[in-house]
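Letters A, B, C and D mark the chains as written, and numbering starts fresh at 1 in each.
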Amino acid sequence: MKAAIVVFPGTNRERDMAIALRRVTGKAPVMLWHRDTELPDVDLVVLPGGFSYGDYLRCGAMAAHSPIMSEIRAYAQKGGHILGVCNGFQILTETGLLPGALLRNAGLRFLSQDCTLRVERNDTAFTHKWKKGDVFRTPMAHGDGNYTADTRTLEQLEGEGLVAFRYASATGQADETDTLTNPNGSMNSIAGILSQNTRICGMMPHPEDLVDPLMGGEDGLPLFTGLVEAIVR
Amino acid sequence: MKKTVDEALAQEFGLTSEEYARVIDIMGRTPSLTELGVFSVMWSEHCSYKSSRKWLRTLPTTAPWVIHGPGENAGVVDIGEGYAAIFKMESHNHPSFIEPYQGAATGVGGILRDVFTMGARPVANLNALRFGSPETPRTRQIIDGVVRGIGGYGNCVGVPTVGGEINFHPAYDGNPLVNAMTVGIARKDRIFLSAAAGIGNPVVYVGSRTGRDGIHGATMSSAEFDENALAKRPTVQVGDPFIEKLLIEACLELMATDAIVAIQDMGAAGLTSSSVEMAGKGGVGIDLNLDDVPQREPGMTAYEMMLSESQERMLMVLKPERTEVARKIFEKWELDFAIIGHLTDTGHIVVRHKGQVEADIPLDPLAEQAPIYDRPATRTAPPAPVADIHAPLSLEDMLLKLVASPDLASRSWVWNQYDSTVGGQTVRRPGAADAAIVKIEDTSLGLALTTDCTPRYCQADAKTGGAQAVAEAWRNITAVGARPLAVTDNLNFGNPEKPEIMGQFIAAIEGMGDACRELDFPVVSGNVSLYNETRQPDGSTMSILPTPAIGALGVLEDVNKAIGLAMQDNADIVLIGDTKGELGQSVWLREILGREEGAPPPVDLKTERRNGDFVRQEILAGHVLSCHDLADGGILVALAEMVMADGVGCTLESPASGIRPEAFWFGEDQARYIVCVKNAPDLCARAEKAGVPARVLGRSGGSDLILPSGVTISAARLRTAHDSFFPALMAS
Amino acid sequence: MKVRVTVMLKEGVLDPQGKAIGHALHTLGFPGVEAVRVGKIIDLDLKSTDAQAARAEAEKMASELLANLVIEDFTVEVLG
Amino acid sequence: MKVRVTVMLKEGVLDPQGKAIGHALHTLGFPGVEAVRVGKIIDLDLKSTDAQAARAEAEKMASELLANLVIEDFTVEVLG
């Protein structure tokens, strides 16, 4: 699998992502600059976490207008795989490649802690290493991760099974109103969603920061090993 | 607004009559306004260390692994495998009181620049905070703003905040302390210094534009200068972490080329101190043309530009033929880049603006004749030992009260607002070990990082307190298995013109120096913050507790050998070190009996070293499952912390120590550790051989802390007590 | 021309910030506050000297960048 | 009464947001933008039915909580 990571001014988790990808592919991913106007021939494009443009105006809003994003839109149209984590997820919603929006956390504070996610379906490139209903731990670190969408969008997401991950308790209970398990207040406890063709995934927490026992565990690793297996040339 | 320069103005600028006379003597004439501004900031306490320099010189600063000690932007130590760690701590106390968010945020920004200016990629931030009484609404506002500010800046630039400390005391009501520390990593042979060289070489300004921020923030209020201008002249600087992030990346990209001759961040006193110091260190002159300085506001004067403290700016001397390479890099990162001058052989700093020479000052006397004071000092007599001690509550009630008390309660409310994992190298996050651990990418190395100081000990006995701060930092690094390498300090004190404050200062430095020497733990960088006093309604002033905060760094050759502090299941629990039951100045005495009395626990540095070296050896030999050093709250609080970490309980034996129970369980004797081991008898045998006291306290298992009396406290109950303080405080 | 773009969360989108401010005002002793909504102002200095053109330009900026129409509405006001 | 409190950074205080937005607008193809300043709006629904009283109340709230007078200025407008 050949992967590319897009770096915007203010991106800061590109190194974490590169480490995770290198771990599963054995080679360094291509680093792209937001002003690049050509996408190399890759199997996966990753929009990593950070504070593109300082999170000013709205998280991801300015990055969504970067020159590289029109390439990425075209890449999406052709059915390419895209992973957006944290700020990357925000950028994907701002570009409209994924529906909804990410508002300020309900508690109005930055949240840097571990959370547990429940896997909602396992027939996608991003989730197939897990079983449906599996629960795994992952760090989160964001101020604006409170997923919101209008009723129709939400119904559509749920109806078509496009929710990839939900915040849940260690035993797999998801409760939108429980600030312990759904810390940022996301609607329907949504932590990650998929595009209709399931080739684009956006999520707030950081599985890339939990891929090494030394750093506290490998709970995030299945996402990456799964991608490598699913996206064979 | 043309001000006449005279002695009265010099005084407004913070210069004494004698200092002003010396300025006239050096200049041979009345200085211009800009020149007076340059002298006043360069000779301010902040830039010249005039009250502290004599004493700072007594600190040990060398060791075989020290590459650069004090005098550079930050300290540099060799950590092996061709890498160096670069680190420093700095205060932003006053700005954080005025505007907590921006004050703390720009404090983080400033210390980051000190580190990356030397060529290091910042890999960790820490922060040592002291707040006033938790009961007052103003304290809560300050906590809220400071924590948001530190997080707001550090999270955005993508440097993990991995540790720190927090104390509360009414002495900080009007003077909270915000001490920020940054640690960076560079190739040992790629370190950038600030001494300018090469006559004719261009002087380049990069980063944000210059505005009227914080002009003379250090030395005077601009209100007296021109009342109408107050609104236009915010002394509060606003940070832009986004620009800082770009600046880090652009500087590191440029540093990978060979374009830079010298580089320095624009910190306090901005363009003045950076240009004066770079030229001064290099023994060259410097000509600046302020017309070319990128400006945020129209109509700025030379005086304003030279004294502005606008954030996120750097000054560099480049090789002339590489200037365009550099310009391209900064253009890529969308940052301002301007050649604003060049080096000369005149030995003067010459500042031109709109065709006028606004300043022309000889650099040597500006540096060499800077005032140094040997201020009068009186020593405070050591306090009497505490007497009449009795425990008014049961052991479990005292424990529950202590773990919920302001100085011991969980800080997770704070660190959960700090991104501690960005970078993907955080091996131990806050709360998981006595020192935070960060791996160095592509090596097997790990850095152990901590900040420590116990101000109430320093207040009671500054010398012991100074030594204790260093010893505790050394112990925290030892407790994870790392080899302590060096420290940075942040000396926060009251008004040095008061003999008793000066006495505290000198005594604390003596204590620190003794400890640093005995523990081979040199001071490689630091910062002094004086005049931390508040005027009281009755006209008297209240000083903060003397707070010599220590930031320390250690290295693990094999980061996989690092251990944490969580109780491990099914293990023996062994206490290392001797217990006499020192309750003077203890948290127990204050929280349970409401008394701040007595002498702090004595610090025996030879014992500290012997016990610590033993513990480290045992850890590196793989004999220790987890380890926690003993500090505030003593043995029982430490055990409770170990239990709370992962929820593994323990059963304690009766100490049979011949000491009163509260003194045994809550005494704060130094040089002690608690370790979890598989085989206590073997460990104890080795300890005996090494002359290190060791005794079994009990065994781990279950999920309760079981006292010798059989009383059981569940981990969950401890945690509820421990976790509730901050959220409850901040919700009120 | 100076133009002010005002961006507010759409009616129906939860405004946690507004809620928190409302709460804080109550505890500060302002019981007369019934609801709080928080929004953003973006003041633009435009080269254009024509009010009509300036408004059109600002509207374009607002719908392309300044507001996220999924959750926000905006209004444009020419200040002169 | 509906009252709008507008909070802006003081003249001379760095506005990182405004700067970044101005920059983004340029690269997005709006070269006519000379300066951008960002501010906050807090819309209050007050029980008070008296415009005078509502304004006074809002001014008090603004100076006590809504604006940080160290770096911000505010204006109050009764919307009715």
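Basically, contacts are C-beta pairs under 8 Å (C-beta built on N, C-alpha and C of every residue); 3 or more make two chains touch, one makes a residue touch a chain.
If you want to know which protein each chain is, UniProt gives these names: A = Phosphoribosylformylglycinamidine synthase subunit PurQ; B = Phosphoribosylformylglycinamidine synthase subunit PurL; C, D = Phosphoribosylformylglycinamidine synthase subunit PurS.
A quick note: this is a predicted structure, and the numbers were derived from the prediction, not measured.
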Between the pairs A-B and A-C, the one where more C-beta pairs touch: A-B
Gap in Å, rounded to a whole number, between the CA centres of subunit B and subunit A: 35
Gap in Å, rounded to a whole number, between the CA centres of subunit C and subunit A: 29
Length of the line joining the C-alpha centres of subunit A and subunit D, rounded to whole Å: 34
Distance between chain centroids, defined by C-alpha means - subunit B, subunit C (Å): 41
Residue numbers of subunit A (touch at least two other chains): 53-54, 56-57, 62, 65
Sites on subunit C at which at least two other chains make contact: 64-66
Sites on subunit B at which at least two other chains make contact: 240, 242-243, 334
Complete list of chain pairs which touch one another: A-B, A-C, A-D, B-D, C-D
Residues of subunit C touching subunit D in the complex: 6, 8, 18, 21, 24-25, 28, 30-48, 57, 60-61, 64-66
Residues of subunit A that touch subunit B when the two form their complex: 9-10, 12-13, 15-16, 19-20, 49-51, 53-56, 109-113, 139, 141, 143, 206, 208-209, 212, 214-216
Of subunit B, residues touching subunit A in the complex: 148, 151-152, 155-158, 240-243, 245-246, 333-334, 415-427, 429, 439, 441, 559-560
Residue ranges of subunit C touching subunit A (in the complex, touch as defined): 12-14, 16-17, 20, 64-66, 68, 70-71
Residue ranges of subunit D touching subunit A (in the complex, touch as defined): 16-17, 20-21, 24, 27-28, 38
